[in-house]
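In order of appearance the chains are A, B and C, and numbering begins at 1 in each one.
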Amino acid sequence: MKEIIKITFALTISCVIAAAAMGLTYTATAKAKKHNHHMNVQNAMIGLLGFGEDNPAPSDLKFLNVYRYIVEDGEKKFLGYMVPVEKGSEEAYEMVLIDLEGNFVEKLEVPISAEKAEEAHDRATALQKVLAPPKIFTYADASVIATAGGKRLGYVLPGQFPGFRTFIHALVAMDPKFELLGLEIMEHEEDAGLGKEIEQEYFRNQFKGKTYEKLKTLQVIKKPLPMEYKKYLEKSKWEDGMFTEEHIAEIRKQYKDADIYAITASTISSKAVTDGVKNVAKKFAYRIGKLDSVLKKEKIHAAF
Amino acid sequence: MTGTQAEATTVEEAGKALPPKLFVSISPHFKATETVSKIMWTVVACLIPPLVLSVFVFGFQTLIIALVSVVSCVATEAISNRCLKRPVGTIKDGSAVITGLLLAYIIPPGVPYWMPILGGVMAIYVTKVLMGGIGYNMFNPALIGRAFLVATYPVAMTSAWLPPIRDAAVFKYMGAGVDAVSTATPLYILKHYGIAEVIERFGSLSVIYRDFFFGWRPGCIAETSALVLIIGGLYLIYKKYITWHTPVSVIASVAFFTWIFGGEKFFTGNPLLAVLSGGVIIGAFFMATDYVTSPTQVTGKLIFGAGIGALTVLIRLKGGYPEGVCYAILLMNPLTPALDRWFKPKRFAPQPEEGA
Amino acid sequence: MAIKEKTNTQLFVDGILKENPIFKLALSMCPAVGISTSVMNGILLGTAVLFVQVCSSCTISLVRNYIHPKIRIPTYTLTIATWVTVIDLVLAAYVPVAYKAMGLFVRLIVAFAIITMRLEMFASKEPVGKSFWDGLGMGLGFMFAMMVLGFVRELLGSGMILGYDVLGFKPLLFFVLPCAGFFVVGIMMGFFNWIEVAYNRRKEV
């Protein structure tokens, strides 16, 4: 008995020490980690929209978040979009409730500042005030709309889909006509050397420039990636004079409607990404269409 | 029944060679005229007709592939045995020749000529010599060679099929780039496009059965003619080198499971097509009956065969590859020792001490 | 046979060669097989293991007199897990570039046999200094083995070394696949044993 108590005690102490060590590190690093993550996402989004060193982003480039919530009111279910709106010179948020058929239900002002809106916790507190029980709301996802000079440049959609092991987190960028601008894999745990190749340019860039029509039927094919196409896809490895303008146009035309070439020996990961991207893009295109028509009808001046 | 009869005859035959005086020795007590190498060379002889036929179906290069494969297997065995200071004479027992032939038979006829060399090295050196030589390998060497090639050159190994030649122009494919003429195997079409497309490409069902049975269809060398392979296999059974249990159980179980699961609804599959296409026949008669890597007892053999059939159908219907015989046999191979242990033959004598 | 006290240098060198975790002790084979598809992967995983091994070895060695013998293993696991978490967080916060490359590998380490084994066999009995050198040797030995495996597999599998195309074609795709990991580990084990035998024989002569 004494022995057991001793062991329990020793183990508890060890756990407490370990937990304290981990907790301390977490508190010490949380802020920097978050900042890094934020910068990472920001840079990825800028890159996805096609801006870079030789093509600097416009100074008034803005990323506006639209948060989607599922709101339940007793038996009824609504989609709630928390939309940034223009109110004079200031930015504010409004919650637009839409029923499942896409009809406008109601519009609520959300008392929250633009900075705080990025924090899930702060958002929830603010929403509590306007969506009081019995209404229940749950967070679904967020989409980013990039604007510059009062025009929409494109959409960046954070996607999360099951891969070979766990969820793959990715950013999918589309232009206002829903043509794919690019894909960035943010986080994943695919096998190194096999599924990890989804990070590579030669895979990711295959999605670039696929039209919405093509996207709907996009598939994975188990054929070797043509050498020329691979070189073209690996933009960061381009050397001067490797491709002429005509050459690029030719390749682009040739592979515009091509399906996605699977990564050798990683068909499952390739398929997971392709299906995931397809899903994210298709759903978003449908939702933003509905949302836009409602915003127009109700004359809500969204910031995008 | 057949098993006991077979034993009886061998005992009788062998009994003639018995010396007049009783003596104590370790088993085998009766020496038959059959030796390992004689059996092996008979198997080689039974494997030659499909090769000859394949020259007329896919052209002359099948002969080259087979030759390269056999030579590389035999050379690998000789060189590796010499390096390991083992007797080099083992190449004369013919087992390396069989491995080479089988390897050539189960790869597409349109692969580059150097490819069987790699497969041969893998089959003989890694699968057999490293494990201790003939009798010690756990897996069928030829199948490991093929699996290695499929993993290494997935494109060539899954697309270098050739459409059969019908006008006896055997040198047709010799110089031509394989890409220009490659076609799809019936199993590939069946898997990806369904039975309707197979009928469209290869003619009505009766034409398909006839062509598949006599050998005019795209596939590997061993997939040419079911007829020739069955004759070879039956001869081996007649000579009692193999028993009928494994082949019959493989074929029956492929047919059975395809019949149940192969169609769109249960019990609507086409068992005859499933058995005639792919490597079922050569697998059943020449690979699943390999002495070293398959069970020795009747019950074990039946279970072994049924397992191969079930796995084949599973891979064909649900797996990533259109054909599954190779992997099915490889998966069942390591089960052999267990099957042998679980289904030991009954002892005739109640106590072994008294018999001695 | 009397056990001779090993010097720190010996401990260090033994970890790399004579008691190489993968080629000699045959520990932590799953990462060796799964991850060693390229030299870079080997270096990254090796670095991660090196850090965690050294840190855990020192920690356990420090508190070795206070560990209740019945709960040794849970304590080791706890220590390793703590260090893995701490390193993961610190990398994410202060070295985002390294985190992007190594994050995946660091999180894998918690269940590595080699680290637990070194804690049990060595760090729980020896002073901190020795444990440090042992941990360092073991970590480097692991890294060395992973790099050798990665080198062979990357060269043969994708015709590249450290991401640079040296062959211009892919000789044997087989070597990138997980099953080839076993294959290469086995051949390398044989190779290193052969070298050792040859070396010892020479010394005797």
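We take it that contacts are C-beta pairs under 8 Å (C-beta built on N, C-alpha and C of every residue); 3 or more make two chains touch, one makes a residue touch a chain.
What you are looking at is a predicted structure, and each value in this text was computed from that prediction instead of being measured.
Undergrad: Please work out which of B-C and A-C is bridged by more C-beta pairs in contact, and write that pair.
TA: A-C
Undergrad: For which chain is the distance between its Cα centroid and the global protein Cα centroid smallest?
TA: Centre-most chain by C-alpha means: C.
Undergrad: I'd like to verify one number: the distance from the centre of chain A to the centre of chain B, where each centre is the average of its C-alpha atoms, in whole angstrom.
TA: Each chain reduced to its C-alpha mean, chain A and chain B end up 52 Å apart.
Undergrad: Give, as an integer number of Å, the spacing between the C-alpha centres of chain C and chain B.
TA: Distance between chain centres: 42 Å.
Undergrad: How many angstrom lie between the centres of chain A and chain C, each centre taken as the mean Cα position?
TA: For chain A versus chain C, the centre distance works out to 36 Å.
Undergrad: Among the residues of chain A, which ones contact at least 2 other chains?
TA: Within chain A, residues 264-265 contact more than one other chain.
Undergrad: Of all the residues in chain B, which ones touch at least 2 other chains?
TA: Within chain B, residues 154 contact more than one other chain.
Undergrad: For chain C, what residues touch not just one other chain but two or more?
TA: 173, 177
Undergrad: Using the touch definition up top, name the residues of chain C that touch chain A in the complex.
TA: On the chain C side, the touching residues are 34-35, 37-38, 41, 67-68, 70-71, 74-75, 78-79, 81-82, 85-86, 89-90, 92-94, 96, 99, 104-105, 173, 176-178.
Undergrad: Chain A touches which residues of chain B in the complex?
TA: Residues 154-155, 320 of chain B touch chain A in their complex.
Undergrad: In their complex, what parts of chain C are in touch with chain B?
TA: 172-174, 177, 179-180, 183
Undergrad: Which positions of chain A touch chain B when the two form their complex?
TA: Of all residues in chain A, those touching chain B are 223-224, 264-265, 267.
Undergrad: Going by the contact rule set out above, which residues of chain B touch chain C in the complex?
TA: 118, 126, 148, 151-154
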